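In the two complexes below, chain A is the common chain; its partner is chain B in one and chain C in the other.
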Partner chain A sequence: MSTIVIGLSMGLLLFLLAAGLTLIFGMLRVINFAHGSLYMLGAYCAYQIVQTTGSFWLGLLVAPFLAAAIGALMERVALRPVYARDHVYQLLLTFGFILVIDEAVRLFWGLEYKQIAPPDLFSEPVAILGSQVPTYRLFIIGFGALIAAGLFFMLERSRYGMVIRAASGDPEMVQTLGISVSRIRTFVFAFGSGLAALGGVVAAPLLPIELGMGFSVIIDCFIVVVIGGLGNIRGAVLGALLIGMTRALGYTYAPSWVEFLTFVLLIATLVLRPEGLFSRKGRAA
Partner chain B sequence: MNRLRTTILGLACATSFGAAAMLPAHADEPDAFKIGAVISFSGPYGIIGEGMKRGAELAIEHRGGTVLGKPIEVTWEDSETKPQPAVQKASRLLANGAHMIFGAVSSASTVALQGLTDQRKVPLLVTISADDRITRPNGSRYTFRTSNTLGMEMRMALEFTKARGLKKIYGVGADYAVTREGWDFYRAEAEKMGVEIVGIDYPPLGNRDYSVIIDKISKTDAEGVILVVTGSDGVTFLKQAGQAGLGKDKLLFGPVLQDELLAAAVGPAAIGANSGVRYHFSYDSPANRKFVEAYRAKYGEWPNSFAGEAYDGMSWFLDVVDGTKSWDKEKWVDAFAGSTRENSVEGTKVMRACDHQAMQVGLWGVVEKGEAPLPELTMKITDVFQPEALFPPCAE
Partner chain C sequence: MSLLQMRNCDVYYGKAKTLHDISLDVEEGEIVSLIGRNGAGKSTLIKAIIGLMGLERGERLFDGRDVTGLAPEALSRLGIAFVPENRRIFAALNVDENLRIATVMGRTGAWDLRRIYRLFPRLEERKDTPGDALSGGEQQMLAVGRGLLTNPRLLLLDEPTEGLAPLIVQDLVAAMAAINAEGVAILLVEQNLKVPLKLAQRQYVIDNGRIQWHGQTGELLENQEKIEALISL
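== the complex of A and B ==
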């Protein structure tokens, strides 16, 4: 049972890391290679806020907005001129963002590891069915579920979500209705960037904050997004939970096979159901 | 008369040839002693390069910036923690006349550099890479390591297990060849001592979530957990173990688990973690006191392991070169092999002629809360293991 709790926390953390990537791809059809760098930037910004104010919660609130502002700038200045061109330009551009963000982080914060402790509220573990589960893990489960539900309702049930989906599916028609598609695209990219940073802030108390942290996470994000279905928020949640549970059960009962099983799942998805295990026909978000 | 003229001309020619034969020794004497440094300033071990640079520069400064009566010129190159750039950059440095290569950081890069320096017959000074294969009996003639080996560090972990009387151990080792070999050695030797191995996990390098492994360990009756991981992997494990309270009833230790840099990245959860330490500023020796004082005066902080090891290795090598009074690299190599450094920062070090590995004491410490001016989390050296217990004879 405790393995399930751990699997849930692993899955929902993965979802938080991958949500921004799937949103940007789903709405803009841009594969944002810089997602990992924005995640890292979120962690570093949160570190700076915690160092200055002593408040993790302020970091959780402010760092995503800072990353969103940077994301908006990236979209407005660099991505917008290349939407009409081949996808390769977007890939190269987002790859360029990685180099720029990484170098900026190195200049501002240097190479030393940084660290954030979980808030005092989560300093002690709780006993659940014979296991000592860190309370911060329980926070990740709750917070991840909240963000997943919020994203789902925003995109699927709100008027704004409807406009975003319409702008993604038929931008010309939305433009003729007097809605600025450019602004929607900027908003979506900024929102996705903010989500990447949010993942970075939530992960920061579990990991060392370091320059290469974005690179290692991007592979997991792509696995989640491919299994869940590119651009599918509901799929991203289920894909992340599937990976989290596979890893939790795998590390418990067959640790040597965990990575193998994860990649078999990825390859099987690409071969048998390339649109993702949890995608529905015609779904945009 | 003609015979006399011929004789004089002959003598003149012979003298000229003789002089010419003698001249190159002076004419070829370079204007400077060139060191090609290829170390990590970026990549996974990018954090290490700056400390190494500072330590090596201080070693050069302490000898007035000269060796063999010539100024020392160092060219610093970034290996990017990858073998290919390391070899490319070292090749360029050698083409520009480097008299020795200093580096690299990752063992893979150092092994790659060995092929190059052996081929060019140029000394390679290693002060951080720990793979045992870098210095093996009848191995590279031109490679010298003045720092620890992983085998030595695994033996320190074994000595620690013995000293603390631990009888049940759980192992966690990063999943790559060197770590697995290290673990296999530890396991075999520990079992000979009557220690029971209650479990082992090999998470991948760069693993970000240890929660399942931590949960598994907490449900065993292991008294100690040996972590054969380092860098960010060790930091991640200790952070997550701290949140689950694993260290409350199990002793967490590892051969290269912690130092002040890594403890700062873990935070208070690092307190109580035990680790081998490659060098420590608190080690009491006259040379170390002098080095630490100079380092703090220059940089305003305590030297880390990388700085201490680089300072020690570079000082030793340059002293040996100076002692030969020759620009013949073969003489440097012959002199370094088998040399003894009485005034090393870690006491006496002996460079074994059989494998070019410096025999030295092994330091072991525990992370504690530091009081100013010490770092907030500092290593307290608890054990100093003697070289005889850490280095098997070359024949083994």
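== the complex of A and C ==
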């Protein structure tokens, strides 16, 4: 039971990150290498807010907005001028963001790792079907599922979602309907950055908060996005759960095979179904 | 004063000059056609009118105002609608959403969802169908409906009848006439004279990126041989 809980919580945490990455890719056709850095920034913000105010919940609320503002700035100031150029420039630029954010974090918080505890509400484990399960993991599952449901609702039912889906497919056509696509790009980049930071806050009580944390998670995130199908939210959910469960089961039953299994999944996808296991043609969600 | 005036426009794809010194007008409420063979430059000119292609030289005027530097979204809000070749229906949106997206920032006016469904009842029956699961005729109706929902003063139609069965072409011609009767000017792109002769008051003939001839539909009939030669393959 606790393996399933760990797998699901890892999966939903990965989803928060992969969703942002894939939304940004769908709209901007840019793979944002700095996504992991925004996740790390979210965790450090959570740490800082917990230190100063004692409230984890305030961190959960504030950090995403902060990261969204930074994301909006990155898109407007740096990415926008290079859309017309070769893709390499955009990749290099997002790589540059990593260096800037990492350096800023180092200057601000130093090299020593930080830690925060889960909110008091989740300090006691509960017993489910005879096994002890950390309540914070259950919170992650519930919260992640809530965000996933919200995202689906936003994408499938709201006007914003409709415009994002249309603009991900044919931005020029959307422009000719009077809609400013450059604003949508900024919005989507900011939104994805906010999701990354949200993931960082949620992960903060589970891991040491340190400079390298963005890097290790972004690799898993790329794998999720490739397995799910680039630019595809439904795929991101399923891919994230698949990777989360693979990892949790692997750690329990075959710890030295975990990385191997993950990469087998990745390679099998690329060979057998390069458009992603869960992609449906032409769909953003 | 003309509704749309393109004056001495040059348009490039990268370094390749594709349109040469193009001048073209559309009057308020008029149907004008732009005729030319494959690769003549028709779609490029339409994209230059809606702002998807920049003008290297020349001017675009709308309602007497210089709008040369404006982006497509701004031109749309002034009242130019674009119904592209290949329809460009949003695959990730269903029929209803493909129409509603035009109302997000579109101008308000006489055209609303209900009227589009009345004009094209077939679309209402297929409301929930994904955009990429429609027949060619349905896609074309949807593209026209989407354009109309921005409540344009000028509707750009790029080869609307291409690849459609004759009966559906008839419906579409009737729809164009009805739309025009409401005061919407139409610039109709075609590769042949069939529909232009039925609908348009004035004609432009384009080849090799240059306007080769323009005049009233009556004058075209007098020069029909010369013009057929310009547009035949």
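By definition in this document, the second predicted complex is superposed on the first by the 282 of 285 C-alpha atoms of A that agree within 3 Å, B and C clash if a C-alpha of one lies under 4 Å from a C-alpha of the other, contacts with A are read in each partner's own complex, and residues count from 1 in each chain.
In the analysis below, contacts are C-beta pairs under 8 Å (C-beta built on N, C-alpha and C of every residue); 3 or more make two chains touch, one makes a residue touch a chain.
Please read all numbers here as calculations on a predicted model, not as lab measurements.
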When the two structures are superposed on chain A, do chain B and chain C clash or fit side by side? fit
With both complexes superposed on chain A, which partner does A:Asn32 reach: first (chain B), second (chain C), both or neither? neither
For A:Thr252, decide between first (touching chain B), second (touching chain C), both and neither. first
Is A:Ser180 touching the first partner chain B, the second partner chain C, both, or neither of them? second
Quick one: is A:Gln90 in contact with chain B, with chain C, with both, or with neither? Answer first, second, both or neither. neither
Touch test for A:Thr269: chain B only (first), chain C only (second), both, or neither? neither
Touching A:Lys114, do we find chain B (first), chain C (second), both, or neither? first
Larger contact residue set on chain A - chain B or chain C: B
Using only CA atoms and the superposition described at the top, report the least gap between chain B and chain C in Å. 36
For chain A, give the residues common to its interface with chain B and its interface with chain C. none
Touching chain A in the complex: which residues of chain B? 42-44, 46-47, 50, 201-204, 206, 208-209, 211-213, 215-216, 218-219, 232, 235-236, 239-240, 243-246, 261-262, 264-268
Quick check on the complex: what are the chain C residues that touch chain A? 50-52, 71-73, 75-77, 81-82, 84, 88, 90-93, 97, 100-102, 104-107, 132, 146, 150
In the complex, go through chain A and note every residue touching chain B. 2-3, 6, 9-10, 13, 106, 111-115, 117-118, 122, 124-125, 130-134, 136-137, 203, 205-213, 216-217, 220, 247-248, 251-252, 255-256, 259
List the residues on chain A that touch chain C in their complex, please. 159, 162-163, 165-166, 168-170, 172-181, 281-285
